[in-house]
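Next up: the structures, one after another.
Presented sequentially are two complexes of chain A, the first with chain B as partner and the second with chain C.
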Partner chain A sequence: MSGVIHFIESLNLGGKRSAAETLLVYALHIVVAAVFILPLMWAIAASFSPNQEVFKYAYPFSWRALLPSNFTLAAYENLFARDFGVALSNTFVLGMIVVFVGGVVNSMAGFAFARFNFRGKRLLFVAIILITFLIPIDLTAIPRFILISELKWINTWPALIVPGLANSLVIFLFRQFFEEIPQDLIDAARVDGASWFSVFYRIVLPLSRPVLITAALLMFLSQWDSFFWPLLVAPHPALRVVQVEIAISIGEYQTLWNELLAGSMLAAIVPILLLLPFQRYYIQAITSSGLKD
Partner chain B sequence: MSIHSKIVPYLFLLPAVLLLLIFNLWPTAATLHQSLHAQSFISNKLVFVGLENFERILKDPIFWKSVQVTLIFSILVNPIQIVLALMLALLANQRVRGIALFRSIYLLPVAVSINVTTVVWGLMLDSDSGLINGILATLSLPKQPFLTAPSHALWSIILLATWKGVPLWALFFLAGLQGIPESVIEAAKIDGANRRQIFRHITLPLLRAVLLFVLVADTVANFLLIAPVYSLTQGGPQLSTNLIMFETYRRGFVYNDLSTAAAMLWVMLIFVLLVVLFQAFVLRRRD
Partner chain C sequence: MLLKRVLFIALLLAIAVTPSLAQDQTVVTWLMLGWGGAEEVVAAFEAENPDIDVEIEQVPFNALFEQIQVRLAAGSAQPDVISVDVPLVAGYGLRGWLLPLDEFFIMGEQDDWLDAAVEAGSYNGELLAAPVSTSTQLLLYNADIFEAAGIDTPGEDERWTYEYIAEIAPQLTMDTDGDGATDSWGFTWEQTNRIYQLQPLAEGLGGDAIGEDGLTVDGVINSQAWIDGFTYYSDMFNVHMAAPQDDTVGASDLFASGKMAMYIAGPWNINRLIRDNVEFNWGVSRHPYFEDGEIVTPTGSWHIGINKNTENRDAAAKLVHFISTGDGAEMWWRIGSGDFPAQKSVLAMFQTDEQFEEAPFSTLRVAADEATIGAVPRPVSPGYLEYEQILQNAFSDIRNGQDVEEALNLAVARIESEMDKYRR
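Right after this comes the complex of A and B.
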């Protein structure tokens, strides 16, 4: 294994790469890219095929498995006929709400941890951030579920929105980023008499575009991917989210392979369209948090 | 600092802290409470039973089997994912034409949810007519019972989790690699260091912080993995994929034994903390 790592690393150094080495780099890229893209190509092709042809070119394998040979929208039409569109729009609206409200809540907390010294800071940071980050949220779902039912929130939007607003990972990310903002900028504004809230709103946030985009991506994606909690608190069809719809389909329509794959592809396309254009911000913010010791 | 600014940080923290207290910390404590109690059959009330739930699971062979499966899974999946992620990051760090396209492709599994990954790979790993068996057939290799044999099923879960997980962790390594200044490497080359030495003595040490983060985050993420087990194997065949997370879910929500499930959660949490501390300790000592 480490031999392979050395080998790849050895192709990397300096601009002087021989033609053979360049060719090797491309060959490696093509093999790895195929591993990631072929499953999705097959899934897309199968989702546009009649159900009885889903496995036709998969076993035994032929390249025709990667293109729909009898193109049909039947799987998608059937999906929307049974309210898949409701699940899609529910999930989208939920994601937007969580991004905006959660963005405010988490960035404020991150700012407090990054720029202030206060009594109990260490304790709060360790207790709230680290513990909630380490404790599997799904495994504390039982008391949370009881709490939600006592609030009479079962099958309501607040049950889907409120528990996920504060996100310790996102707070951590904001803290890391805000720590890098030069103290001079903040001091200058404070000397001019700006309140802490206006410092935060007018100085810090405008400088924080990368982390804001990253946090929005993280929160939207985690909302989009959430499954277990919505299944517990909002099983009603009118409130169903996309991952729950897919999981229920696995049980209910287990031999309607093309519809399962069509639903999966619809669930996949939204995050893909969000992540690809913003990948630069994503990586940039990771650099700022990942490299700090 | 003025008196005013002593209150300010708490105001900034208030919404997040309140929400985390109510919806994260309190349920965690309540889970501990639940783990020390049992549901009474007569009154449906919680009765204090002390450590009985813990004693019961520690005597339970199914629990120990799931601990064993989880250990094997962790020992396999984490190093596999981390080494592959480092390799992928090194590859994605190569400056060649068209690299942006390749990097976008490597980002796809990050965007695709674990449920979607489970649907796609579940069908591809189908023991009868799945695509992977189709490829094996084309190569004249025998059919494999990927999800239906105890010897194969855990590896199939590892495969699926790795396909989904490696690109995410590679992103962190790539960010780390790109943070290494060109001048450091140039200086080492002028000093006569070869490529292997540069990797061993410059690249790896400079990736230490990222490596620590990825080790911890990947281990925790894999402890939480439940979707593919839930949808594809239900812990089987013969409990071979019965990860402790799924066993806990089954106790709590299938058998409605919330107290035992809560006790398992606490065992699991201690386990996670030990792993995290161990990894931090090992990395610190290497310094």
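Right after this comes the complex of A and C.
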């Protein structure tokens, strides 16, 4: 769709648009926006409706489905009555720990790959870093589960945190960014007697704000969205994370659609609040690293 | 100074709050679905067995099977106790994941379970998962739609034929707002894709679900009975146009929002209709049958088993015994999962308990009685998961208009090749 709009806009590069063209462009913009916004509006409206009325106007679709029928906060109340708050705070804490500890681990690893020469560097980078982020988690679930249970970590925080710390995608991102930093800067600092650690801490990191923010977002979101792993190693209710709590709304016989949607809305707010202010850095880091999502 | 003192008090508090595990306390973990009343039932068990602590691990429906698969395949000692969906018993049995249970039950205790449930919970002659719940299916109807169409509703003990349903279903299918698109349907099945729900279509005409060996499907699921049964199914969607082809919105959600005249569904929907206090009048009737066929109804539900690698064998066995027999089983039915009990003695309480005297609760009495009629378990096969998955696709193709014989033959080829690995 956006391709179409670009095409139409390109027809009139530089010149002033006629009224008809402007109208057409706007109409297309509105259609595209509607495609993205309507389902979201329905979801919001449904989260404020009683469960039995969620589909009243949605199938077949009528415009009334975009407004809550019999406005109620019941879905939200029920969510919090069954510990949704605990799940939200668990996931937030988990995300934050992984961002800070994982940030240190991954940025240092990225720096080593970018700046040091050591035996087996290429092999380590290609074999471990690149290949691990291509292997789906499901494939390694059983051996990793065995490892965690041998460590007696089932139903503990370390089971949730430790496997998420080293993130090959984030290491890759750091490495690409650090390679762009001029060698002269680092050499100058070294000549002045700076240790490698202070080069990293005082020179490299302050220059790396975009990639730090991007890496933090990637790590936080990967924890925020995680489902399978936390469910496997920490099924205890006190350790439940937000995606698992949402999925509990899907019962054997019935799905509590209003609670499912209410939970999804609440769970979406946190990433949105994080993404909006940092969007600029995020895009900058992704484009400058040559990574495309 | 102050900070130190605060920290010290906080530390003391933390120690005080941390659950103290007494030395001789056995902790049993139980992996299950998100059943609301489970904690209460477990508390009653713990009161009877003060030396055992039960830790419940609840996971979403679709995730439960993955959980079991990963954790048991890894040889983990936990969970000790597992809620098992009954058609998977054979598969778990073949892989040696479950502890045989016969020795934990005394003479006569097993006789209280429904025969179909014992059969379905056993593999190679050993009881691997004790029956906890059972299920059945009824015909639920929206009386208001029937009245609008001028058709009489069925009585509670009446059993309509599939033929009659096919005759009236199109008359109950409507376009209420006149925009040319159907928005209220005549008839459907609650789970349009699942063998559980659709098995009676073939077995009611004399077909079988699987060969004697639990593996062969050629000549079984493409037999004349299957072709006839599923032609009926196909016609409901493609000829009578009385059922919605699209299953984005589940049949129960359509029914609950007043857009379905009748459908075959489980009694759990009765609880839901009562709880949601829906605006329309509704009622229940018996599961339909073919004019020249037999009465066949779906059955089967949750059983409970023990992880073969458990380190708490005796405590786990006590818990399994408690949930599957006597007072514990009654409690599990009343406040645990709310599913129908698989114990004849508990099932009989529907007929004696006063709370089922009056409408709408009396409809549950009909359902409890129906659970004892014509119940045919799902096929016992180590390859049940593959069998179900492939048939699910076949049913959905049939619903979307594929030729019935062609779809079933394709399913035969696919299932046969999956089953080969169990033949070795």
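Here is the rule we use: the second predicted complex is superposed on the first by the 258 of 293 C-alpha atoms of A that agree within 3 Å, B and C clash if a C-alpha of one lies under 4 Å from a C-alpha of the other, contacts with A are read in each partner's own complex, and residues count from 1 in each chain.
Everything below uses one rule, namely that a residue touches a chain if its C-beta (ideal position, glycine included) is under 8 Å from a C-beta of that chain, and two chains touch if they have at least 3 such contacts.
Here the structure is a predicted model, which means the values were calculated and not measured.
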Between chain C and chain B, which one touches more residues of chain A when both complexes sit on the common chain A? B
Which superposed partner A:Val35 touches (first chain B, second chain C, both, neither): first
Tell me which partner A:Ala81 touches in the superposition: chain B (first), chain C (second), both or neither. neither
Which of chain B and chain C A:Pro237 touches, first, second, both or neither: second
Per the contact definition in the header, classify A:Gln52: touching chain B only (first), chain C only (second), both, or neither. second
Could you tell me if A:Glu252 is touching chain B, chain C, both of them or neither one (first, second, both, neither)? second
Tell me the contact category for A:Ile142 with respect to chain B and chain C: first, second, both or neither. both
Please indicate which partner A:Ile154 is in contact with in the superposed arrangement: first for chain B, second for chain C, both, or neither. second
Let me test your reading of the model: by the given contact rule, A:Leu123 touches which partner, first (chain B), second (chain C), both or neither? neither
Which partner does A:Pro60 reach: the first (chain B), the second (chain C), both, or neither? both
Looking at chain A, which of its residues have contacts with both chain B and chain C? 54-55, 58-60, 141-142, 146, 228, 247, 250, 257
What residues on chain A touch chain B, complex-wise? 1-2, 4-6, 8-15, 22, 25-26, 28-29, 32-33, 35-37, 39-40, 42-43, 46, 54-55, 57-62, 65, 104-106, 108-109, 111-113, 116, 118, 121, 124, 127-128, 131-132, 134-144, 146-147, 162-163, 165-166, 168, 171, 196, 200, 221, 224-225, 227-228, 243, 246-247, 250, 257, 260-261, 263-265, 267-268, 271-272, 274-276, 279, 282-284, 286-287, 290-293
Which residues of chain C touch chain A in the complex? 31, 33-34, 55-63, 66-67, 70-71, 73-76, 78, 181, 183, 248-250, 252-254, 256-259, 266, 268-269, 272, 276, 278
Chain A residues touching chain C - in the complex, by the definition given at the top: 50-56, 58-60, 141-142, 145-146, 149, 154, 228, 231-232, 235-237, 244, 247-248, 250-255, 257
With touch defined as at the start, can you tell me which chain B residues reach chain A in the complex? 5-6, 8-10, 12-13, 15-17, 19-28, 30-31, 34, 83, 86-88, 90-91, 93-96, 102-116, 119-121, 123-124, 126, 128-131, 133-135, 137-138, 163, 167, 171-172, 174-176, 178-179, 185, 189, 195-196, 198-199, 203, 208-210, 213, 220, 223-224, 226-227, 231, 245, 248-249, 252, 258, 261-262, 265, 268-269, 272-273, 276
